[in-house]
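This is the structure I have questions about; it appears just below.
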Amino acid sequence: MDQRTTGEGDPFTVLTVGNSTGTIETEPFWLDRQPVVAGVRRGHIAQVIGEVESYRDRPQLKVTSLRVLPPESVDARTLLPSVGSVDRYWETLDGWRAEIRKPRLKRVVDLFYTDDDFRRRYQECPASVRGHHAAIGGLLKHTTEVAAIARTIARAAAADTELVLAGVLLHDIGKIESYSWDGVFGHTETGSLLGHVVLGALMLDRRLAAEQPPPCTETERNILLHLLLSHHGRKEFGSPVLPMTLEAEVLHWADNASARTASVAEALSNPANFPSGIVSSGIRGLDGRRFFRGNSDWGAA
Amino acid sequence: MDQRTTGEGDPFTVLTVGNSTGTIETEPFWLDRQPVVAGVRRGHIAQVIGEVESYRDRPQLKVTSLRVLPPESVDARTLLPSVGSVDRYWETLDGWRAEIRKPRLKRVVDLFYTDDDFRRRYQECPASVRGHHAAIGGLLKHTTEVAAIARTIARAAAADTELVLAGVLLHDIGKIESYSWDGVFGHTETGSLLGHVVLGALMLDRRLAAEQPPPCTETERNILLHLLLSHHGRKEFGSPVLPMTLEAEVLHWADNASARTASVAEALSNPANFPSGIVSSGIRGLDGRRFFRGNSDWGAA
Amino acid sequence: MDQRTTGEGDPFTVLTVGNSTGTIETEPFWLDRQPVVAGVRRGHIAQVIGEVESYRDRPQLKVTSLRVLPPESVDARTLLPSVGSVDRYWETLDGWRAEIRKPRLKRVVDLFYTDDDFRRRYQECPASVRGHHAAIGGLLKHTTEVAAIARTIARAAAADTELVLAGVLLHDIGKIESYSWDGVFGHTETGSLLGHVVLGALMLDRRLAAEQPPPCTETERNILLHLLLSHHGRKEFGSPVLPMTLEAEVLHWADNASARTASVAEALSNPANFPSGIVSSGIRGLDGRRFFRGNSDWGAA
Amino acid sequence: MDQRTTGEGDPFTVLTVGNSTGTIETEPFWLDRQPVVAGVRRGHIAQVIGEVESYRDRPQLKVTSLRVLPPESVDARTLLPSVGSVDRYWETLDGWRAEIRKPRLKRVVDLFYTDDDFRRRYQECPASVRGHHAAIGGLLKHTTEVAAIARTIARAAAADTELVLAGVLLHDIGKIESYSWDGVFGHTETGSLLGHVVLGALMLDRRLAAEQPPPCTETERNILLHLLLSHHGRKEFGSPVLPMTLEAEVLHWADNASARTASVAEALSNPANFPSGIVSSGIRGLDGRRFFRGNSDWGAA
Amino acid sequence: MDQRTTGEGDPFTVLTVGNSTGTIETEPFWLDRQPVVAGVRRGHIAQVIGEVESYRDRPQLKVTSLRVLPPESVDARTLLPSVGSVDRYWETLDGWRAEIRKPRLKRVVDLFYTDDDFRRRYQECPASVRGHHAAIGGLLKHTTEVAAIARTIARAAAADTELVLAGVLLHDIGKIESYSWDGVFGHTETGSLLGHVVLGALMLDRRLAAEQPPPCTETERNILLHLLLSHHGRKEFGSPVLPMTLEAEVLHWADNASARTASVAEALSNPANFPSGIVSSGIRGLDGRRFFRGNSDWGAA
Amino acid sequence: MDQRTTGEGDPFTVLTVGNSTGTIETEPFWLDRQPVVAGVRRGHIAQVIGEVESYRDRPQLKVTSLRVLPPESVDARTLLPSVGSVDRYWETLDGWRAEIRKPRLKRVVDLFYTDDDFRRRYQECPASVRGHHAAIGGLLKHTTEVAAIARTIARAAAADTELVLAGVLLHDIGKIESYSWDGVFGHTETGSLLGHVVLGALMLDRRLAAEQPPPCTETERNILLHLLLSHHGRKEFGSPVLPMTLEAEVLHWADNASARTASVAEALSNPANFPSGIVSSGIRGLDGRRFFRGNSDWGAA
């Protein structure tokens, strides 16, 4: 919701309305139609009827009617950006998970991944609030990408692929308690105070403690906790300890590769980043870097 | 244990022997007396009889007899540097702890501080392996200093002094599982993999979970965990989250003030740091800074 | 003074008026009442009569009359934020100062602290222009806090408490020539060009040079100048030399502890930092950190 | 070659001799056998006959005869560490290269990869002088790993996999002119003055300029040069421009993942890094980090 | 072009019009005269007739008529900021160039500096897009300054002055392909993807390759390429290699000295940087530093 | 003085003896001749008679007789490295100083530069203890270089050349009280505690205060003090304030250019930095950079 003034000084209001498929700006509401948008606030859910037109080469929604709905009338999650159906991610991940054969490792992973409550929350959770994979289902998509990359790196580096995969599956579990996605993406109080890295370690520690007999040895628990704690790879990025095992190193780079390339892909696909041609303006969330979206068919027909 | 060669090329051996009161170098063992020191290794416990002499203004131990003892024959802790009797620290800390009146806060702190096992380990543990307060009892001394400083800062900043004190008492509990002090100071496997900051948070979390009914609310637990996790004050220093409450900020600066000034005091009192006068060489553990030990009586009689 | 436009596009003006007890926003001045605020500028002194009302849970001043006053008609200092009566700070500081017994140290400190002109300026000066203790009397309040904290640290670290206290009393004297507080807080030309750290050293150096016979030895003068110059503790923070004595180290941490915890306390007490709940937005002057103002009574009745 | 002195002061010499399969220390040469090693220098090629024994749990070569050979008598490359047969790397890489179908992209890549001289040098070159994959054939092995990882990331990020693969194949070509491997690994004069990143870009630019008609358009040449120049990902790491395309971002993370995990794997497999147990000392080339080589079978039979 | 609103809420438009001698703001265009500026956009070329008046001590253009012209009707370069006639810079530079007597060095430099096309582009090119010497002719002016400074440093450091001068003349040639100056200053696609540092090296390399027989030896080419590549002096500033020769070091500091002092001189001469007196606000392009434009005649008549 | 052991284990001693023209190593003193060097210590002054021979391409002093002299028997300064006669530097500097015509500026500069005591100390003082121009007379040579460079930059940047020159002449005066050069180069106690930057400002301030009537205005004094304080250009490098005037900026870059290029020239001329060819090992005092001393005659006869 944005109040602006024309070059001629006439004030007007433009709404940005969105659903799970994207966002679009409305036509301007001039003074005479301000009553239509009078009570609208950021985060409100509304029924909007109108027609998509084009203004200066950008799509614009001509609004016929706009009605704010009570919060509980709609499942807010259906209106947030979403990765779509998560079935294919589960299929891939569960398939790879089945390859974990070491008994105690399998047992620990399954404490979470055979728990329906966990699966339901995990498949809804975004991978970040404003950065990469910030969408319903984003965390699951990110996890699947990290798993694919980590498996490839693990083979190249001769790491323990089962342990790497377990690390991938557990490394971000803290996010389901750190993020909220009821209408807008945000941080929970717990997430703000503890951070998703440590919160994940606490969640794993608590889950293990709840199981009798212990599903793994103390050293094994430490190795897993270390994988979670060190996956950001640098203290400045919130990891209180740096990777000390090959598997932790593999996990870190796979996580980084998925997160960073997704961020760049999202920046390149956002026309708002390219106000004046094929070189973008400096992108804030990516160290102020500029991007280039020129391309070529390299002579392909 | 140090093998050296004279300007004339004659090899000799010098031992550094220590007990809880300090260390001293022996006279050189020349070739003819090498058999005396043949089997001695770093960390060995030995019975040494001799006489303290002076060589070039430095004390030197003239050894009459030297006998390596079996490890179990002596309590190794009695031979490490030590802060001496810990009674006065307990007296001070327990006195201040008694001022905590908020019921649930008191209950949480007492889970540890009325536990004899905890007290026994806590009063032995060093505050660091090679840095400040690296001595048996050093952690308790450090805790007492932090408490005194934190109380003063808390009053100045109008922070919740009870919560600050609880934070002081709990902030370093992870060290008793992170450090080892059986003969030499070192890190445990758990301490290496998790770090004492997060390990402390896990220990608090586990202890709270073991208690029924819960000794505090979930938000209260988060506030306490946050105090532990953020007390290093900067991510580069191993805190995965930065202080978000006034009490966490107070704790951080009090901890820093005790640790850093103790390090400087120790550097200034170590003659080895002043090989050529009143300005030291660059001290590695203190950012390579130089120190000045000149002083004055300011006209005092 | 802030010109804004409503959601409906109607322009209006809101004044922020303040006196020594705080600031409050006025009701909006719409187009029809713009003449009332036409000549008002930032820094003007005005007589404002009105009534405090409430608008969306925030207090708002409904203005009955507003009259800009000539600058000389009012003592501008009485209108700036203020710590209130400074008597208690003087009482505390002068008491501690009396404990300095080393003759030449006492003499140096008293050159300033028994000088009425110095005391008058010192007790008015803010401790910063926009940061911590930015209030009339703020420097004296800050000095008292630093003294309390430094004394506690000094005892813990076995530093020379008299020298530490002298350092506390002198470390910020440069601020009374670096800052201005006539109507708004600002920097003097001298303060901009030399900085308060070096300016303090110059002021001490000049004052000592003006005294015959010299109140202290040359080494003593250097030790004091070093205390002033190194008190920011890091070159990036404007100290041209790093602390080389235990007393300089103690002073640095005490100064830091007072300044930083005061900044956090001020950030936490400012509702404008908490636009959307109990977690703040990122605070610019505090490294962009977020803060948490949730709390608990821990079961206290 | 290392001259040492015993605890008893007796000097002796120990050689470290190596071939492509590894290195081993000799038994000590005492004074009486010094003539045997008198003329030996670092980098010399020698025929050594002896027997492997064990001393304090470490293997040791008991030397029967030792004869220094003239430099030209042996191909020095056969004595350097080596990754072994490179056939499997070529097979994999050439297979993937065959999947590049865009005509001009294929043409550019083949300018190098169908050139026998290039292939011969490329398959000998190490990937670094002292870091990861520092072995004959190391560059080819590293390239194969980067290709595998980059393809996985490219699929996850929906990047142009053909262009990514071309970038992988070309990104390190500058190393064949920057490094030397005649007896010991080193840097060429050109490599020192220009660096392998820019040298690779110059080599590509020259090769393209030598072809008539031009194998690709000017924009395509720029896109490829950009891939080479930006692949270190940060200016501090020697990339004069930062990745601006999704393919450059993918290449950077794949390169990093291969290089860093290989370095960690090498550090973990080197017993010299673990002088005192399962936690290593700080490893210089890896930011001084410590590593952990404890492990577990997780209950596997 | 700036739309604003008065304190009274009346919207208006102010244009900033400029030609090669500078820029000036127009009087406000109120609602009634908006049609005059309706079609004007940033970068448009317009014929503006009016009168310069003064408003609140700042000059203001009272516009009588304003007519947007077709882009091709005027040479856009004549309207950009300009350093004026470039003859004196050529005279100085060509004079110094004539002092290069080493045959192959002279030959390389003359490949560019006797090429009329090169000279025409070089004398138009700005030295930066928004920073120092951002003016038509700025690059030539900057080059002349760097040459003067570098010659002085070279003499002091006993460097090879001919080689230093050659480095000065060639170090920024990449800018003529990296920048564009048709109407506004900008970056070319090639400049964005490769950066002017490497692009200059490629241009030199290509030019040398086009000459038969080679104008210099391979080592000489490397020495020159190194001068270009290293002239930013630090990797963070875009130099992929750091200066390894005395001449490269001299070039770097001369370049820096010209660029930085020009930036400061420009900041000091811009009244917009001094909104409130003789100390500026923090200048963004200069690390946020503040500047002082007070001065004195030091008693000169 | 260096005790070493041969490959065969025979201990020996090598002296490094030097005078103002350089240093040379002696032949080894074997066990039988140890008595000759028995009492020699670092810093001793000795009369050495011998012959220069060559050993493995390096010069070596074959010592016939060696006699330690009493400290007072020789002026130690004559044995330190030296820039030689300082007359030409004085001639240049005094000539340029004569061009300062602004009365009060000239008066301030002459307070120092017409003072014979000052001139005597200034012309002996090194410009650093271990870095650039570390030689008797080095400070004067450095000052002359900075003056030449600063004058050139000042003209390019249209700065006040008289003020810049005054800044050059005064910027390092603190070094004559910060450094000592009696036998070896070192730091004074005052220099360690205050640093030469602030010490210079104090010396200027005291000298101005000693003059009646004041030789300049207060603003002028601040401008000069600012020049001294800011000349290191960055807080990390010990300047408590950053350059705020164009003249301070010019001074900073001229100082940097002289110091850095001198350091590089010295590193390049030291054969010890090039143990293995034309590329040096990493040079500690120059950020670990490597240097290249290959060169070419570019076809000159």
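Letters A, B, C, D, E and F mark the chains in the order given here, with residues in each chain numbered from 1 onward.
Just so we're on the same page, contacts are C-beta pairs under 8 Å (C-beta built on N, C-alpha and C of every residue); 3 or more make two chains touch, one makes a residue touch a chain.
Please read all numbers here as calculations on a predicted model, not as lab measurements.
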Neighbouring chains common to subunit A and subunit D, by label: B, E
Chain labels contacting subunit C and also subunit F: B, E
Copy pair subunit A, subunit C: interface residue numbering same or different (half cut): different
Reference interface A-E: repeating pair among A-C, A-D or C-F with over half of contacts shared: A-C
Rounded Å distance between subunit D and subunit E, as computed from the means of their C-alpha atoms: 43
Geometric centre distance via CA averages, subunit C-subunit B, whole Å: 36
Of all residues in subunit A, the ones touching two or more other chains: 5, 10, 189, 192-193, 219, 223, 226, 244, 279, 290, 292, 294
Every chain pair in contact, whichever chains are involved: A-B, A-C, A-D, A-E, B-C, B-D, B-F, C-E, C-F, D-E, D-F, E-F
Contact set on subunit C toward subunit E in their complex: 3, 5, 10-13, 31, 34, 37-38, 187, 189, 192-193
Subunit A - residues contacting subunit D, complex: 101-105, 145, 148-149, 151-153, 155-160, 162-163, 216-217, 219-220, 223, 226, 242-246, 249-250, 253-254, 256-258, 260-262, 264-265, 268, 279, 287, 289-300
Of all residues in subunit E, those that touch subunit D in their complex: 189-190, 192-195, 197-198, 201-202, 205-206, 209, 218-219, 222-223, 225-226, 229, 235-241, 244
Subunit E-touching residues of subunit A, taken from the complex the two chains share: 5-10, 278-279, 290, 292, 294
